[in-house]
Amino acid sequence: MTTRVGIIGATGAVGQRLIQLLDPHPEFEVAALTASEDSTGSTYEEAAKWRISAPIPERVADMEVGETSPEAIPDDVSLVFSSLPSSVGAAVEPAFCEAGYIVSSNSSNGRADEDVPLTIPEVNADHIDLIEVQRDRRGWDGALVKNPNCSTITMVPPLAALEEAFGLERVTVSTLQAVSGAGYSGVTSMEIIDNAIPHIGGEEAKMETESRKLLGTFDGAEVEWLDARVDASCNRIPTLDGHLENVWTDTVAEATPDAAAEAMGSYPGLDLHSSPDRLVHVFEDPKRPQPRLDRDRENGMAIAAGGLQPTEGGIQFNCLAHNTLRGAAGASLLNGELLLENGYL
Amino acid sequence: MTTRVGIIGATGAVGQRLIQLLDPHPEFEVAALTASEDSTGSTYEEAAKWRISAPIPERVADMEVGETSPEAIPDDVSLVFSSLPSSVGAAVEPAFCEAGYIVSSNSSNGRADEDVPLTIPEVNADHIDLIEVQRDRRGWDGALVKNPNCSTITMVPPLAALEEAFGLERVTVSTLQAVSGAGYSGVTSMEIIDNAIPHIGGEEAKMETESRKLLGTFDGAEVEWLDARVDASCNRIPTLDGHLENVWTDTVAEATPDAAAEAMGSYPGLDLHSSPDRLVHVFEDPKRPQPRLDRDRENGMAIAAGGLQPTEGGIQFNCLAHNTLRGAAGASLLNGELLLENGYL
Amino acid sequence: MTTRVGIIGATGAVGQRLIQLLDPHPEFEVAALTASEDSTGSTYEEAAKWRISAPIPERVADMEVGETSPEAIPDDVSLVFSSLPSSVGAAVEPAFCEAGYIVSSNSSNGRADEDVPLTIPEVNADHIDLIEVQRDRRGWDGALVKNPNCSTITMVPPLAALEEAFGLERVTVSTLQAVSGAGYSGVTSMEIIDNAIPHIGGEEAKMETESRKLLGTFDGAEVEWLDARVDASCNRIPTLDGHLENVWTDTVAEATPDAAAEAMGSYPGLDLHSSPDRLVHVFEDPKRPQPRLDRDRENGMAIAAGGLQPTEGGIQFNCLAHNTLRGAAGASLLNGELLLENGYL
Amino acid sequence: MTTRVGIIGATGAVGQRLIQLLDPHPEFEVAALTASEDSTGSTYEEAAKWRISAPIPERVADMEVGETSPEAIPDDVSLVFSSLPSSVGAAVEPAFCEAGYIVSSNSSNGRADEDVPLTIPEVNADHIDLIEVQRDRRGWDGALVKNPNCSTITMVPPLAALEEAFGLERVTVSTLQAVSGAGYSGVTSMEIIDNAIPHIGGEEAKMETESRKLLGTFDGAEVEWLDARVDASCNRIPTLDGHLENVWTDTVAEATPDAAAEAMGSYPGLDLHSSPDRLVHVFEDPKRPQPRLDRDRENGMAIAAGGLQPTEGGIQFNCLAHNTLRGAAGASLLNGELLLENGYL
């Protein structure tokens, strides 16, 4: 028996990746697709400009696309994946929650809200129970669960390993982000060939806040954010997929590169369907990870780390993740799998 | 009357750029070219695989390439530009100095030596008088003067402005470096298309040490290095020219972005022939500077800065310079112009 | 005394290049700028997203942008440059001609019309007098003059040299076109990084028809198109500027590569302000021309050719031109200069 | 029972791809690896700079690399794959053949020799029996079999379909080739970023001769080459893998695009292990095939075609294949599978 799921905002880049990841999936079955008004009534194949090189799954190609409202979702669907623009998400997601659907959302709206679980299952699965607080407070039958931004997801698992082993006081991060992170048409070729663009609006702030919530402690009532300083600078470079990040940490206890590598490499994973066998792949070669060579490890769901070096009072390292798989569609899916595992569906 | 100069290691990428910058030059005239043994006796045109799109200067094309030894340099040459691989530079440059030539060198050997001036003329022209200490100690008639690494040059002028205005305690820098920094054949297309490569061997260490020497104080006897912590992480990306850098600083006195921008933008330049009219161009648009759009400002000799933001206790900014002009050939040339201005030639 | 000119569609990529080329120009002075309705009343700086790395010319920055209709153009303007989308051009340009303005247009509408001069001044300046036929037929005081498509312009000068020297029977051409040819946002980075895209809609047909009209004979009444077969295949590749083309010709008389190179290299130019000193630069090195190395020759107004080889019954060669300079803005400007030279202004 | 095979020139780019394709293979088992002298005695892992993102197969990593001479190959090996530089291949391959080994070679030496089978199994499997002629003439116990150049392989299957259906009189082809075709270090990033390079030395000639031999007729004694004119122009562009080609044909019988698409799409394949299910994938979308989207179809062994259009007297189309899989390592492997199938091993 599979759980029937819906995808709202199904025609965008993340929606397409979700459809690819759900074709097939042992636990979930796509039962409803929605998009913006002008696509309503079309088949998915007509509505989506399918961008993925693998062909569009046959079953989904012929499905009718509905309007993005709870009425368009069959009653036997319990989980809805959302990858809407954040302004739309803010307007629409609460209606689905109120109508009883659990929404696993990749949209950035509400991620910092006190009663909204923001989770990377391998890192802070326990935060998922913030749903109870949310339901109490908002009177919803459904629930809203968020995954963080792609650039945040890339660095948080190795940081979680360091926090657990040594404690974190300060984190500084510089990102080299792929163009797919801006959506299919987000970066023109005239902008990025033989070029790099500093400052991705809003992204630095997301990395600074989301990482502290993810690494925070949930006591059953609220999440106490990690008390560490996080400074981020985000750059777009001419890569297709895979965000590479340079990270510096000041740690509470003294850390050696060997001990830090051990902490990262042995950081426990989960048994969820889309979880990688090993969460953090640690390289000895300081020239790895590299986006093109390492973004596809474990179906794009592993985090890669390397270049560990001592600094005065901390550890410097590089990390990498596939931004549209581990960093977006795969992140929402994994949260869905966690919700199922924990009995919320 | 122009000063006659030689170029040793004239066929490499930096040598070619030097020849381009000296064609013509109001103060200097190319009088001797040397290269590795197998080129000796050829014309420059035969010996060099000319890579620059502007044609090879006619006068230089027909010059005979000599052996890289003091004997190959006419006696009326007083200044020699060197852009040798550092292992060769270490072996060969002292012989030129001993033979009475002043060597303005882009090679990395000896940059950290106590009695070797490492200068960016607009930043620490006074360090040039370390030549006196050097001559006392080494008994040379000539002298050895160095310019820093291209990635160091990019950040030091804005950092110098901050140091002067607020004092620096800590600097963290991440670089997005162009492929030309590795030489014409240093990065293959298979390595870098749709990719980025972390860790440039030796480059991080150069940034950390050279910047502290450049920002240090010379009391007539020795340079006291800046007492600040500098952490660097260097990355290669698919750009042709222009190193972009993300920098975080902790300052001694409190700094606002406006005051920092003012300090950078008004940082004084020099009247040397190759100096830019304004040393640091400060952008308000946080998405600038960008390598392709901004590397050629003021003939590739200006530094561009932007994205100034407050951090807890400091200022975060981005900066950019043309790595083979301001960062290499132009840097050596500027040191040559400073030597002339200060009466050393 | 300079001629006052207007630019309609002034905010687009070609409009911006025109403004750059006219800043300053010894014969023309920008007196009016128009754009689409939502820009009307703004300054040019507000209306245009200025994309060129050189700063926006000061004089133009503050000019008010008018509506794209003859009423918005001062009476003392006699020449109007047009770079509108072809559907808009078809609707709007005739009104300007009727109102007495001479329109030098880069838009593709009307290029094949019997009474519309389609000119590359160095190749078929005499076709400009088709204006008389046009005025007779249409009753206009003004006139409509067109330059060809960027990919056509690239190959026609070398083909004209071959036609004149040997006669042409058949031409086959494959293009490797830069992304700027599709406009600033025409090709996304997700489409073109590590990729090439065959078939540029409409472009093949333009090359096949326009080249035959350009190489045709004007007898004072009509243009007899060149009677040769032309087959084209157009591709987009990851270059910023500069279209490279592989061309095969079957010639009437026998041609050797040497004689063909001689014919191309000595093909006469013109003395117009924007004409290159030498129209076709012929390379001996078969690996030239290359887009990045050769697109900027003579301010981007020269054509480069190379790789001349004999085939059974003809000559094979490669050619290159800067698509937004020689191939668009510069082409319209050159037509304007021809109109002035020939007394039409 | 698997056949034991050797790989000579095992450390190069094609050798590495072969090892990847043979890990595992139902019919073949790697039993010997050779490389240049300075690698002799090392393990394969030490000798090869492994460039493929998938990890080096464990079994092969520890194998000792031998000298490239028949003595280094165990007697129970019957098939040897060769991917040596052509000058080395010319010197070395005959010795292996004389020593009784059958050599399936990707090197370009000898491809045009009268008694050397040059085969694409799906196209001209019958040519393999030229081995009998070769053995008679050369007195070898072994045999030398070649696959064509990667750019030739890309166009020959669709051309074979057209030749069979309509007859070919003339073929003109322009290629847009990936950098991997030049080997891992063959094209530097400084050469190809924002650029394209015309003329690939020797490649045009290979396409012109090899295609006529492949499409020729074998009567048991000799191959009569196809009597058609073939003109090629080859270009390097900034793609990693996948050669895209524009092809024009003049056909003997009249051909429509529909009939040509039918001929290509139904061109029969083979049942060999590495053969694709369908040899030629024909696209309706004229903007396909594209290198990044279509090079990996059927494990990189399918040919993609599209953009079929009528010309005066023929058909124009585009085609694409993965140059290091279908065009090199996979081509040699497929020839090996054909040799096994036909009883030569």
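The chains carry the letters A, B, C and D, assigned in the order they are written, with residues numbered from 1 in each.
Here is the rule we use: contacts are C-beta pairs under 8 Å (C-beta built on N, C-alpha and C of every residue); 3 or more make two chains touch, one makes a residue touch a chain.
Everything numeric in this text was worked out from a predicted model, so none of it was measured.
At the far end from subunit B, in terms of centres built from Cα atoms, lies D. Two chain pairs, A-D and B-D, are weighed by contacting C-beta pairs, with B-D ahead. If you average the Cα atoms of subunit B and of subunit C, the two centres end up 42 Å apart. Between subunit A and subunit D, the centres computed from C-alpha atoms are 42 Å apart.
Subunit D has its Cα centroid 48 Å from the Cα centroid of subunit B. In subunit A, the residues touching two or more other chains are 193-194, 238-240, 292-293.
In the complex of the two chains, the subunit D residues touching subunit A come out as 53, 193-194, 292-294, 296. Those residues of subunit C whose C-beta lies close enough to touch subunit D in the complex are 172, 174, 176, 194-199, 201, 229, 231, 233, 235, 237-240, 244, 246, 248, 286-293, 306-307, 311-312, 316, 318. Residues of subunit C touching subunit A in their complex: 51, 179-180, 184-194, 238-240.
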